[in-house]
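Once you scroll down, you'll see the structures, which are given as structure tokens.
Both complexes shown next keep chain A, but they swap its partner, so chain B is in the first and chain C is in the second.
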Partner chain A sequence: MADSQTGTKSAGDSRPMDIPEPKFNWMNQSRQWGTRVTPDKKGLTLDKTNVGIYGEVPQRWGDQGRNPRGAIPVKGALPIGYSVTQKTELWADCAAELYEEAIQRRWAPATDVPWSSIQPLPNDVEVAICQVCTEILQYANIDIEVLTNWQHRMSYGYHEVKQFLATASLDAARRYEAFRKRALINGGGLGLEPTGQANRFLLESRGGWTETVAGLALIRTLFVATVCEYLYKHSYNDAERVVYSFVIQDLARLLTYGVEHLKFSLAHDDERRGSVITMIAIGLGMFARDLRDPVLREALAIVFGGGISGARNEGMSIYYDLIEDFRERHLAMRRWLDLPADAATMPRAFRPRDQN
Partner chain B sequence: MASEFTFPSLDWLQAVREVFNTTDMYRGAGSGRCDCVVGLKIEGAVFIVEFEGFGCTGVRQANEAELENVDFYLDMPYELWKSMLENISANNHAIGEFTLNTLDLGMEQGIAHSKHEDQYRQDLFVRYNQTMQFFFDASHRISTTFEEIVAS
Partner chain C sequence: MTSSKTNGNLPDLDLGWMDQHGPWDTHAEPGKYGFTLADIQIGEYGQVPEESNNQTGRPRGSKPRANSMRLGGYTVRTKSDIWLENASFLYEEALQRQWSSATDVPWESIKPLPDDVEQAQCQMATFLTEVEFVAGDVPARWISSTTPDYFEARQVLLAQVMDESRHMDVFRKRALANGGGLMRATGATAGFVGGIDLSRDFTEMSSRLHISGEGAVLTIFRMGELMAYNDAEKTIYRLCAQDEARHVAFGVMHLRYMSQNEPDRREEIHSYLDEAEGSMLTDAANPAGRLTQTSESLCILLGGGSDKFDEGFRKLVAIRRRQLQEYRKRVISAGFGDRFDNGRSRLNELMAQAAA
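Take a look at the complex of A and B:
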């Protein structure tokens, strides 16, 4: 029996329910029907869906709603207030490719790292590794916050970038996880929180995403990638080697997005050049202040030198090799972007050793 | 390991390619989709190795001029190539100073180069580093003999 008050129907009741007659008038409404995207030997990748109107990436996305590119928007929806609405403010041609790459080249710290390969290490080395892990996982935390803080301000018209940045957030979360696990697996623990001037600089960057990318990619990401390359070379077991090598690849994608976005933005927006140069100068200044704190420098020197005794000369020398590699890579990227690239203008911490 | 393959040679690269393309672990964690064209410069010899999707789609002999067109090329002294492959053969994969990553750091100008000055293409070496490593690690499954080359 149907309940006359609630409109529900009991089992065995054959009377029709009092439901509205469907009109189906939402059907046959599409901005472009008949689309057929085709997979190739790489599968059906995101960039392959960019056909017809679905592949039209506008210079400006005026829709202030969450309308997916190519769909018919809701009429009368309240504006959400996206602030990154110009293609020059976030675009990189490689974003869809990097998204696919991040998905397909994924790894899981829980099961893909041979954690059992880690054996007890001398106390000074273990303390130093744990301190380095603490610093890197803190950086990863900041990366997550910076990326997600900007993602929700970006228009839906540029979904390739939003999706790639979602993977970059996951990469950062995985980086946090992997370094935390390394710090806690061998009788050690987390060390001191880093001083974090550069962290504040990245977190409080409000001027624009492009400017934030300049600091995030050309300074923070490049530095952590360089550190990981040196850690890889001076790793103590297979678990560390796997973590460092996989993290280097993850960071390379964010770095690639950053450089390619800056290239695109600088090529299409003359106004950006000055603010990007300023942002890099401020960022390097903040980062140089962080490097004055001896904790990371000494911890890395101990890792590279195989202990405190080796840290004094060999380890510290390798640390300065790392800083020089960072500087040269940073300057090479600035040259590629046609930005001023004179080492003499960098803070003292990054200048060649004989100029300090 | 029925046959022996001489390094460097096209036959050797084809044998490595076969192992790489048919071994599941080389498509596992840290690897995956890889799209790039890589040059190998081994003393006087030049080879091109192409990766697309999840596999190595081709290897061929080339000449120096063709290095202009690759995304990046690996160049190191013959003795270092030999030591790297011997290390891989002894351990089933590269360890210590003989991984591509560490070899790259250890040389003044690195081992990955390009002639086009395109940062994006050059950086593919880092983005696909583990795939490159897996490719050379696959050589442990073939029997390698080394051509006697006197370093120039």
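Take a look at the complex of A and C:
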């Protein structure tokens, strides 16, 4: 009963309805049909979908819309305004794998942490732990702001990276939440606002994502991960141990992405080497200024030393071990990235104790 | 608490920071749902300022440093601009209900489908892969512009970014799992005036994204049983609907807060709703709208094949009407129901046009 005038027909049921004549002009349009990806023992993971043209990740993604990689693009769509459009600016081969790992290892501070294991602590230790929590949750806040400030600028063609960064920003949200909860549960509260030189460096690093990653991964994330490892070794209850171990896992993924991205970027864009080296130098300088402030150092020393009395010797000694571990890991990553890695060029705050 | 002793070459302790902290003697306690964000909204830590002058990014309730730099550059610093009363609940629920598209979807239940049905599934999956992450990109941008004094709202948005990331990947996986492939993108979220990407005010963005955009998609997901051909697809639609319902709830609760606390902005909000209603059935971002690619795909899926297009179209019309009814309920719940009584809303007109 097609109506030749309107291209519609009556449905012929009790309620008259003009049913449009279908065009089906979208059918049989695919750049690659016949694709059949299958799950394996890890399920149907994101990297499994990278088959045929769907796995071809171009060096430059010029599309300014949300055209899924491998789909037929729309011509004439108004641009959204992505600015990170080169593969060398964000790619890491491991992004899809890290994305799935992050989802498998998800946790909830509300229910996965045995909060009841926290018992009253000596006042000096509680003050110190609360100060450390305040510092780490402030760092998490900066991670959130840095990641979300870049995420929306990244082209759709590199969806694996955008998706991994979505997990990384939720990880940071969880850090923010977990350390705030720890500070408020045991008779303490939040401490003194941290200093912000390194924060400033990360937030103001707007010239390039790769340069931001250099600071975020090789300095901030590596430092917080190292701090959490030491806190884990010197924790006072199961709740803290569980929080630190989850956070270490989360940060390890961000660190892996960062290092792998830098490796990829430096291998494919040699001109970036200079700016990455400069960013690391500036970042370390600003971070060293933060470390000159006694608050975090002393708070950690009190936690490690079991109180103020233990902080003066044992606690402070452990703190310097931590700084040395950070330095050695940082330098090892720089060597792996084929970047200059001479400890003597680092700010004094990171040099071996006998050289200070 | 100042140490005057030195320890060899170890620095003296200052300890002056130990007396500088936020409200002390805080004993937040876990409740029956674990230790939730709501449980730590106690005392001064639970007091959310109407206006935030926190430009350093310090955690709410921590002791400010007088010499801190203003790093934040936050543009969202008024509570009513972003706040909602149930943010803690939505965030905790989001963490509890995270799921994995790799392992929580029974992919093995997908069996070969008639070619027209597979093409329709793949076209819908292409569309959803394309549009879902607009709700990741855009909230991310706003998170980085919002003061951490309103961190509860930011946490919900961070969880949303993660949810949308999963939606983007689960539909990509579906398109590539059954002998099909990605088809033609629509450009539905291109950078046009009035689009979600270009909103310059958070509430404007939220009304477009959460109330009309995601609201329309939520209705589709809820009707997923009608267009699913196997347990994998049913699972996908059910899990996505769960996520989407939280996002829509964010928008409704935010508008309600805005309505109650900023009556001067009610007319402005009504104008966003006018705009939303004007394009509700024609907007390409509504898969049940009039865009041929998506509406015809839905008709095939709902009817059971291209030869049952008419039956599918009748169901599509029922879905459109349900979208409009659900939109009405949301707007009433948000406190803007007067538009349906005073003749401002075009909803009745749209109901009549739903079959066109």
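Simple rule for what comes next: the second predicted complex is superposed on the first by the 341 of 356 C-alpha atoms of A that agree within 3 Å, B and C clash if a C-alpha of one lies under 4 Å from a C-alpha of the other, contacts with A are read in each partner's own complex, and residues count from 1 in each chain.
The criterion applied here is as follows: a residue touches a chain if its C-beta (ideal position, glycine included) is under 8 Å from a C-beta of that chain, and two chains touch if they have at least 3 such contacts.
These figures come from a predicted structure and were not determined experimentally.
Examine A:Leu184 and indicate which partner it touches, taking first as chain B and second as chain C; both and neither are also allowed.
After superposition on chain A, A:Leu184 lies in contact with chain C alone.
Touching A:Ala311 in the superposition: chain B (first), chain C (second), both, neither?
Second partner only.
Based on the superposed arrangement, let me know which partner A:Thr195 touches: chain B (first), chain C (second), both, or neither?
A:Thr195: touches chain C, not chain B.
Looking at the overlay, what does A:Val259 touch: chain B (first), chain C (second), both, or neither?
The first partner, chain B, only.
Decide which partner touches more residues of chain A, taking chain B and chain C as the two options.
Here the partner covering more residues of chain A is C.
For A:Gln249, using the defined touch cut-off, is the partner it touches chain B, chain C, both, or neither? Pick first, second, both or neither.
In the superposition, A:Gln249 touches chain B alone.
Look at A:Val295 in the shared chain and tell me whether it touches chain B only, chain C only, both, or neither; answer first, second, both or neither.
A:Val295 sits against chain C, while chain B stays out of touch.
Figure out whether A:Ala108 sits in contact with chain B (first) or chain C (second), or with both, or with neither.
Touch partners of A:Ala108: chain B and chain C.
Where does A:Glu100 make contact in the superposed view: on chain B (first), on chain C (second), on both, or on neither?
both
Would you check which partner chain A:Gly274 touches, where first means chain B only, second means chain C only, and both and neither mean what they say?
neither
Find the residues of chain A that appear in the contact set with chain B and again in the contact set with chain C.
Looking at chain A, the two contact sets intersect at 42-43, 100, 104, 106, 108.
In the complex of these two chains, what residues of chain A are touching chain B?
41-43, 94, 97, 100-101, 104-108, 112, 225, 229-230, 232-233, 241-242, 245-246, 248-249, 252-253, 255-256, 259-260, 325, 332-333, 336
Where on chain A does chain C make contact in their complex?
9, 11, 13, 17-20, 22-39, 42-46, 48-49, 51, 54, 64-68, 70-74, 76-81, 99-100, 103-104, 106, 108-111, 113, 115-116, 124, 127-128, 130-131, 134, 137-138, 141-142, 144-149, 151-152, 156, 159, 162-163, 166-167, 169-170, 172-174, 176-177, 180-181, 183-196, 199-200, 203-204, 294-295, 298-299, 301, 308, 311-313, 316-317, 353, 356
What residues on chain B touch chain A, complex-wise?
Within the complex, chain B contacts chain A at residues 28-33, 35, 52-53, 95, 97, 99, 101-102, 105-106, 117, 119-120, 123, 126-130, 133.
For chain C, which residues count as touching chain A in their complex?
Chain C residues touching chain A: 1, 3, 5, 7, 9-11, 13-15, 17-18, 20-30, 33-37, 39-40, 42, 45, 56-59, 61-65, 68-69, 71-73, 92, 95-96, 98, 100-103, 105, 107-108, 116, 119, 122-123, 126, 129-131, 133-134, 136-138, 140-141, 143-144, 148, 151, 154-155, 158-159, 161-162, 164-166, 168-169, 172-173, 175-187, 189-192, 197, 292-293, 296-297, 299, 306, 309-310, 313-314, 317, 355-356.
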